[in-house]
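Structures given as structure tokens follow.
In the two assemblies presented below, chain A is common to both, partnered first by chain B and then by chain C.
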Partner chain A sequence: MDSPLELELRELLAGITALPPDFTADTDLLDALALESAQIMEFVMEVEDRFDIIIDQRQLAEVRNIAHLAAVVGKAVA
Partner chain B sequence: MAYVGATPTGSGIPRPEGEFEGLADALDFAARGQTGYNFYSGSGELDAAVPYAQLRQQAVATARRLAHLDLPRHSRVAIIADTDPLFHRFFFACQYAGLIPVPMPAALQMGGGDAYVGQIQRMMERCGAAVAVAPDSFVDLLQTAAKPLGLAFVGGEADFDALPQATEALSPMRGDEPAYLQYTSGSTRFPRGVEMSQRAVLCNLREIGEVGAQLRDDDRVASWLPFYHDMGLVGCVLVPLVYALSVDYLSPRTFAMRPRLWLKLISENRCTSSSSPPSGYGLCATRLRLSDREKYDLSSWRIACVGAERINPRLLERFSQVLGPAGFDPKAFVACYGMAECGLAISFAPLDNGLDVDVVDKESISASGFAKPAAGASGVLKLADCGAVMPSYEFRICDDEGREVAERHCGHIFVRGPSVMRGYFNDAEATAEVLDDSGWLDTGDIGYRMGRHLVVTARSKDVIIVNGRNIWPQDLEQLAESSPGVRIGTTTAFEATRPNGDPLVVLVVESKRAEPDLPRRIESLVREHFGVTCYVEIAPPRTLPRTSSGKLSRVTARAGFLDRTHWDEAGNPAPMAAPVVESARLANG
Partner chain C sequence: MSLLAKFAAVEEARRGLGEADPTRTVIERLESPTLGVINGAPTILAGTNNYLGMTFDAQAVAAGRDALTQAGTGTTGSRMANGTYAAHVALEAELADFYGYPAAVVFSTGYAANLGALSALLGAGDAVLLDADAHASLFDGCRLCPADVYTFRHNDPESLDKRLRRLGARAQNALVVVEGLYGVLGDRAPLADIAAVKDRHGACLLVDEAHSLGVVGAEGRGVVEEAGIMDQVDFVVGTFSKSLGTMGGFCASRHEEVALFPYASRPYMFTASPSPATIACTRAALRTLRTRPELKARLWRNANRLHQGLSQLGVDLGEAASPVMSVRLQRREDALAAWNGLLAEGVYVNLFLPPAAPGGGSMLRMSVSAAHTDDQLDRIVAALAKVMRALGALA
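Up next is the complex of A and B:
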């Protein structure tokens, strides 16, 4: 179901925190994963470096899961 | 070449005779030179260079548009204080137009749009904002927040610039008129708006520049601190203005993601002054790749102020060790103490001296509050000397009954002087809690004096009191962090209340490997050093709550602990699995 971009983001996230077996692109990163701000910073930095993009914090305010983030990244690299 | 495209170092303009009467006068002065503010992007590239001369022109034109709105003098203008030239433009426009600027937070968390809208809405409501402006990326959120409030203008630069300019003469704010409102963070209650007068803030700026930092014309400032905090606004916008120094900015978010860019900026632009809370130096030391440090030359950095929270000397030692080879001189560290209620600074350690640590007897200070100089190397506490209280202040250290205590005895720190705030805006009750009729400000901090030097031991609200002994959470945290497998800045201590009302000292420790005996080891360390039983909980790395500036939040950690903890019949915690991996058992109730 997950797109290649979503899978790549998921892989980056797995390097920062352990993902539960039932993790999907729709899993809420804040509620279900309890990610806190330092981890998010690290994750976003990894994503920015990997795709050579800048994600501004305004865009991030709407992101709650990998699918949302993939949409932001997809737009930036398009 | 240094500072390519940015404003130069050194204004070359002579200091004016006499004092400025308002911040607008200070900008009029700085506008005669070539220096100014420079904004760097998330990848460390120069985004915008704004010389003071250009800023003055923009501010005056903006003030004329604000004047066209025909608002009562001292109406409030909320400015979303992202690290963007828009902030300076509107902050100074308010000075010329006779309106009060109110810097608003610009820290958005992932998925945090709604929470942010609620936060700025409450602030705008509290200060009765008449105008609200934001950089383009924040305009939609600002509009959502401002919708129910009926403001005279809400929007971004493009909409604002469509307003006509008034033609009558501007009358800048001076003397006892307000300068700005600064909302303070760190409180569980709603943040309070510190109202500073022009005279008060200018007094503090002069004292910081002349007595504290002893600024020179060839100084250059680098900063990643947010403009909606006192260190960022007063220390890195207003102090440089009064001395017409150039400033290089990174956003707090850029720093949090890529702390090396701070070092790169200082190195390339030959900055001489840059400040941070201790946690910022810690983040740099932790995150820097050693192979990167050869790229930096930090030998120009002569003033590295450290403030805003109790200083853990080990964090600074670590920073010095890591960056010494890159030319950082530990003598550049200057411990400072202050708060938004005084503009920024209350005390400043001497320059070219590095951190002075007062080593005191742990048993004496926790049992009786007496900071007895330690005789040996064990059973000691290392506390940073925050330097001499600046000359314009009177200060006293008092016990709970308000009686002054002797030197080296811990008590509540009170200050009085010309840079103390006039009060919290529209909040007589909160003002009366901290400011008495004769002008004494209760800082809310605990510390002791050595002559005019201050040692700040804790924020009052953090003190843990067990069996009549005062224990500072920082001490428990530092002790836990001395255990193998526990990193600096990964523990938090606080006092929780058991169901029967008795206190429980809690220490939450982040640890990667859930070593079964780690809680017990820390527990026995604490018992050994402080004679109290504490409850140690191990949490996975990076799960403790941190503020937007990366500081651990004890208040939030305590709330989270109480939330997830179940209590057994004996009144001891019986925590649920997540996020706790392993927990200690209490030896007894």
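Up next is the complex of A and C:
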């Protein structure tokens, strides 16, 4: 079951690209979605503005899925 | 062979470009700044960034020839060792004088200038905020640094303001990085607004004028001059390889500390300095840029003529005329076919395929030169009309 934060991030991502029906918080973003770098940047800026935070690109290097991103966002808003 | 396995995907992508791979175009001979021979055929060059047509400037060619004879083919060393000649130092003084700043530093390429300036400036604990559409060399420069890297929305001072606010006190250790004139769409940064935002937060501003040196501003100092922020911008970087028609790059600044960049910049230290001929050509081209404003006027006249012609075709084009402008096509295969069609019609432009094109889609980028003739500009428009109609992309 995805957390409320993960669901919110998933909603933002759906505004950037179409998500497959079986998409979950653990789906690998790069392998499953083939996101282009510009889309990733746009998604990150959407997330930053939604939560009024700022995310260092190096923090994103280890983010592979929504669950990972939720951990980064959760830490930033705490 | 696992190390090389990744190249199978590269080869597959390359094959997808077809027989006429746009990344391997060979210009067999040059007749002028705007006419070359490609595939054995005379071809109008409309994708060169040769904005002032300076590559055949008589004074630059003569200066380069003299330097080659008098100082040899290369320096064989870094600026930090044996690679600083009197001409390198003179060019730095001339660039500083051009901008009205206390100092400037010359790098071996424009790419190295961006890497060198950013890596000198940004340390651990610092922050850098990049415009999302900034050139790859600016992103690469940030990768060399231990600073935290953030992006803000393209040409959006409000997006920048929000992010600087979120940094809090760290904003005073932040560098904002933008381009003056963006090299794909040809749009200008709203520099007065961006400078006001960075001043409000106590940050610094670096502007890459690669596409606007000699092209924008009353004296050709770029968008920083046009926007009236010469005394607000902290660092100006640029390249010699576009409007000056040579090779190399620079960073100029109102801060005297720029003269210390060489001691903190690996891209400056660990590469050979520009050759004597390159420096001589650049100095002569800079003198031409400063003394022949009619070249800039001619460039803008030509840009307006091409923009008007393209606009009348009804193609998807930016609203304002610019020395660099792009026609957007939604389908990748249409863009590839159009690029090949233009080449068959004797017109060379640049092709941008996803993910290289800002905003998605594909683009045909055209750069205008002061050296283009009216006939050449009209033939570019006619050729594009023909290939776009063949694709069913025009009425």
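Note that in this section the second predicted complex is superposed on the first by the 78 of 78 C-alpha atoms of A that agree within 3 Å, B and C clash if a C-alpha of one lies under 4 Å from a C-alpha of the other, contacts with A are read in each partner's own complex, and residues count from 1 in each chain.
Just so it is clear, a contact is a pair of C-beta atoms (placed from the backbone, for glycine too) under 8 Å apart; a residue touches a chain by one contact, two chains touch by 3 or more.
Model, not experiment: these values are computed from the prediction.
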Three-chain arrangement built on chain A, chain B and chain C clash or fit: clash
Touched partner set for A:41, first chain B, second chain C, both or neither: both
Touch count on chain A, higher of chain B and chain C: B
Touched partner set for A:53, first chain B, second chain C, both or neither: second
Partner chain in contact with A:64 - chain B first, chain C second, else both or neither: first
Part of chain B, among the options 110-118, 146-154, 164-172 or 524-532, whose backbone runs into chain C after overlay: 524-532
Chain B and chain C contact sites that coincide on chain A, given as residue numbers: 36-38, 41-42, 44-45, 48, 54, 56-58
Touching residues (chain side chain A, partner chain B) in the complex: 17-18, 29-30, 34-42, 44-45, 48, 54, 56-58, 60-64
Sites on chain A touched by chain C in the complex: 36-38, 41-42, 44-45, 48-49, 52-58
Residue numbers on chain C that touch chain A, as the complex places them: 132, 142, 148-153, 159, 162-163, 166-167, 354-355, 358-360
Touching residues on chain B, where the partner in the complex is chain A: 41-43, 107-113, 116, 137-138, 141, 253, 256-258, 540, 542-546, 548, 550, 578-579
